[in-house]
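First chain A sits with chain B, and in the next complex the same chain sits with chain C.
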Partner chain A sequence: MSLLECRDLHVWFDQTHGGQVHAVNGASFGLDAGQRFGLVGESGCGKTTTILALMGLLPPTASVAGEVRINGTDILCGGEESVRPFRWRDIAMVFQGAMNAFNPMKTVAWQIAEPMVYHGVADRAEARSRASELLELVGIPAAAGKRYPHEFSGGMRQRAAIAMALACEPKILLADEPTTALDVMVQAQVLELLTRLSDELGLALILVTHDLPVVAQTCERAAVMYGGEIVEDGPVADLYHAASHPYTRLLFAATPDLYGEERITTIPGGPPRLDSVIAGCPFRPRCDVPMERCDGEHPTLSITGPDHRAACHRNELQGAK
Partner chain B sequence: MSTPHAAPSAAESLLEVEGLAARYPVRRGLTQVLARQTRRWVHAVDGVSLSLARGEMVALVGESGCGKTTTVQTISGMVTPSSGSIQLDGAEIVGLSERRLRPLRRRMQMIYQDPYESLDPRFRVSQTLVEPMLIHGIGGSRSDRARLAAEALERAGLAPAGAFLDRYPHELSGGQRQRVAIAAALVLGPDLLLADEPVSMLDVSVRAGVLALLDALRRDPGMGILMITHDLSTAAHFADRIAVMYLGRIVEQGPAQTVVRAPRHPYTRALLSVVPDRDPRKAGTPQILTGEAPDPANVPSGCRFRTRCPVAEAQCTTADPHLRFPSDATDPAHEVACHLA
Partner chain C sequence: MNRTEHLLKRAAFALTTIFVAVTTNFFLFRVLPGDAVTNMARVPHASPQLKHALTAEFGLDKSKWEQYLIYLRNLCHGDMGISFAHRQPVRELLIADLMNTVPMVLAGTVAAIVAGVFSGVISAWRRASVADHLSTNLAIFAYALPSQWLGLVLLILFAGVLPSGGMMNEFLFEPAPFWQHLGDIGTHAILPVGTLMLTAYGGYTLVVRSSMLEILGEDYVLTARAKGLPARRIVWRHAVRNAMLPMVTLIALDLGYIVGGAVLIEVLFSWPGIGLAMYTAVSQRDYPMLQGGFLILTVAVILLNFLADLVYARLDPRIQR
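So, the complex of A and B:
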């Protein structure tokens, strides 16, 4: 039994003019304590929707199906009632742009202490001392907690946002693009912090990002999403060295490398529309090695190696050989 | 370009910036004004020299707040420099009147980071492209301008132009929008493109295409491109030369491959060490500098990097190092501002 188990997760959004968008289509993954898992893909592929579903924080226009289990307990089946006891206490999230979402009128320490009081895990005094501990944990001197958010640099605010998510001692931390707006040096500081937290506190980490090198260097395993589906998952080294899905291979080829000699390439075309059922492979129009089968038959995830799966008809072809 | 001073000589260089400085006043409160506290300045750009030849792409890299954007805004005439010189094709542009600056502005065009913000959502693509021509009086007639707009669009990779001219920005993808922004710069026939993080808002899969477009543009009519980027990998791939800025100064510059493979300034070394590699098996040892760059209103004495430098010595607190060609450099075009390099 994994700490976090997400099975066949689906999310649909109602559109204002009728119809639905199938934003997440059958995502499954699991995660244990101390593991770091990357969720990668381009904008609109369903990464953020997936983790918002894990938190039970999707807007009312969304419908969700599937199972999300924490230590075996399904937290989605009973709607808000079943998620609430777990949210923040077992599973917490650092939102995209959280560093810019602090209340400018309150001190940083106050804002970190507030959720603890709200969730009843500590009284005011305890919460205050715990906020100081959390700040120290993320590398900010406790005394700085008396300051206001505008007195913090971007990197410090991001650390404070992480401290805030850790307030109720969660076991799982979901981080949505935690380094996207940061400089490389500050990015390195924040990634080092997240790695240390998962190593030392046994925190299970899901890192959502479009930045493949960040995932390659931070996570052990990753899933690549395309058009709302996980199209490949496995150990990051296998995704890079032995990609089993053309999209993964092309994404890496589009990512410049400091010392790389080869030309970086573009993936022509754009992501698929998710408001109607896609008959064949969703990546078919952009694929560089399509086959006839790919037009009519939707590939499903199949095993391509140890702990490695991909949704591409070509793998079945190789398996048959 | 075989002279030891690899920077192209003034005659052949398109852009020649010398000792450029730009500063902003720090706001004082009423009590501070009444107490006659002296005005403090943020020295956003503090003595930047760089040159750019036709057909060349130079990348300006560094952390946020290091003065990259102010440097480019000063060159484009949006910010008035407090000292220094900027020459375009050998003609000084600092101190020109607005009237005499305008024809020069046509020759220097900006490309901004976010094509979701830089295009007017109520303008069709054709209007976005025609407006700059009207401002600068280019194209004799409506049909001339329409033809120039279509040409620019196709040069920017949106062909056939007819399929895009009547669209609104919201009908375009991020990559297409950035191409429209580039086309809007191209209609004026610029000699110099100033691109501020031109791909950082775009999806990975389309970045390469936009960068390849810039790469092609500078080769074709001999345009020069000064590109701001925080992404060293992009700079290494596409730029001919890289200039690394720290706290308002260029601390190292040289041919891109030399700077990336044989960095000499401790700041450049640290920056390169923290760039994550896309290959999970190639894990370097990141040399993480603590904290962030100091307040540019309060620049450290001596070498401005010394407060974060892992190898700083006593002399670094007193003497301010200037950009120089190290005597033992293997690449004669490689300049570093460090006492120990």
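So, the complex of A and C:
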């Protein structure tokens, strides 16, 4: 039994003018304590939606199907009331654009202490001293906790957001583009911090990003999402060296490389619209090695190596050979 | 710009505004055709000698500029002149009227704020629900009602059940216990306070609702949900305080305006306040009363705005330092 298990997760969003967008289509993955897992893909492919769904944080216009289990307990089955006790105690999150993750009217330390007091992890005094410890842990002087968020720099706020996420000693930390708005130096510090925390505290980490080098640097395993589906997952080294899905291969090829070619390659076209059912392979229009089968038949994830799956008809072809 | 400098600037601006208002008021009332003497000299057998004597007594035989300078000099000594109609010092008269107006207006406004904040918050939190439609439409309806019309309707509906005019029962003599007097004033206040509340609450509801909707979409509200906090705490501890910021300015403006704007309500319900006093003063061309009344209104608006600035700075930590 994994620490976190996400099975066949689907998310649909109601649209204002009728119809639905199938934003996440059957995502499944598992995570053990201390593991670091990357979720990569272009903008609009369902990464953020997936992890918001894990905590039951999607807006009311979303319908969710599937199971999310923490240590075997299905947390989403009873709606808001059933997830609430798990939030921040078992599964916490560092938000995309954590710049605005703090309430401008409360001090940073107050906001870190708040969930501890609320979940009964600590009383007021303990929570306050623990908030100071957490700030020190992420490299912010404890005294700065008495300040308001607008007095923090971007990097400090991001680190404070991590400190806040650790308040109730969660087992799982979801980090949504935690380094996107930061400069490279601060980005490196934040990634180092996340890696160290997961090593020291046995924290399971899901890192959502479109930045492949960040995943390569931080995570052991990763899943690649395209058009709301996981199209390939496996150890990061395998994805990089022996990608089984053309999208993964092209995605890595599109990453600028210090020693590689001078010209950056791109994948022409854009991600598919998700408001209607896609008959064949969603990547078909942009694929560089399409086959006849790809037009009409939707590929499913199949095993392509140890701990490595991909959803591409070409793999079945090779398997048959 | 430091804090004292800012305060001094605001104070200088306020004083200038008051001076301009005083000057405008002085000349404005004298542009009206006729004066206090024409009104008083309508008694039978009024001789030209009496007219001259009255004109001289009120100082109306001097030039406008002379009158203006005398008025300013007296004002600097805190002397607002003698009422032409009552033959009593304006200051004492107006202070007595103000004592009657302020509790009534304050009760109506506070009730409107409480009702407006509640219905606005519920509207925003249960957006697009039946409760939202109900409270929003009711608010727009109330907002659109002219206060004098609503007052008349209430008067027609409740005349006989509730006292329809005045502030107290003249026949309730002194030996009656204190609480009986208080209850008497309270029942007299129900209709004017109710009218004031009903016409003001709609505007507050709409402002609170839109302000809350904006705040509820902020990242820190999502953070608060992710922390596992219950809805009630998110709304009242995190969202409302932020949403109240634009309300502070609105309330201050309204309070200042309502002291004068209550003219219609005070006339309608014969409430012996400053609005009624000014209404009578206009018909009697009682310049000193009018000047005094308008001065108090001007000072009230400016003072409350100044106060709003201070409160705003206390509420929003981003302004303080």
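Everything below uses one rule, namely that the second predicted complex is superposed on the first by the 319 of 321 C-alpha atoms of A that agree within 3 Å, B and C clash if a C-alpha of one lies under 4 Å from a C-alpha of the other, contacts with A are read in each partner's own complex, and residues count from 1 in each chain.
Methods note: a contact is a pair of C-beta atoms (placed from the backbone, for glycine too) under 8 Å apart; a residue touches a chain by one contact, two chains touch by 3 or more.
Here the structure is a predicted model, which means the values were calculated and not measured.
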{"item": "Which of chain B and chain C A:Y259 touches, first, second, both or neither", "value": "first"}
{"item": "Which superposed partner A:F86 touches (first chain B, second chain C, both, neither)", "value": "second"}
{"item": "Touched chain A residues, chain B compared with chain C", "value": "B"}
{"item": "First, second, both or neither for A:M55, with chain B first and chain C second", "value": "second"}
{"item": "Chain B versus chain C as contact partner of A:T16, first or second or both or neither", "value": "neither"}
{"item": "First (chain B), second (chain C), both or neither touched by A:F95", "value": "second"}
{"item": "Which superposed partner A:H119 touches (first chain B, second chain C, both, neither)", "value": "second"}
{"item": "Contact residues of chain A, present in both the chain B and the chain C interface", "value": "none"}
{"item": "Residue numbers on chain A that touch chain B, as the complex places them", "value": "42-43, 153-155, 183-189, 191-192, 210-214, 216-218, 236-237, 240-241, 250-252, 254-260, 264-267, 270"}
{"item": "Residues of chain B defined as touching chain A within the complex", "value": "63-64, 173-174, 203-209, 211-212, 230-234, 236-237, 260-261, 270-272, 274-281, 283, 286, 288-290, 292"}
{"item": "Contact footprint of chain C on chain A as seen in their complex", "value": "55, 57, 83-89, 92-93, 95, 97-106, 114-115, 118-119, 148, 150-151, 164"}
{"item": "Touch list for chain C against partner chain A, complex", "value": "218-220, 222-230, 233, 238, 241-242, 315-318, 321"}
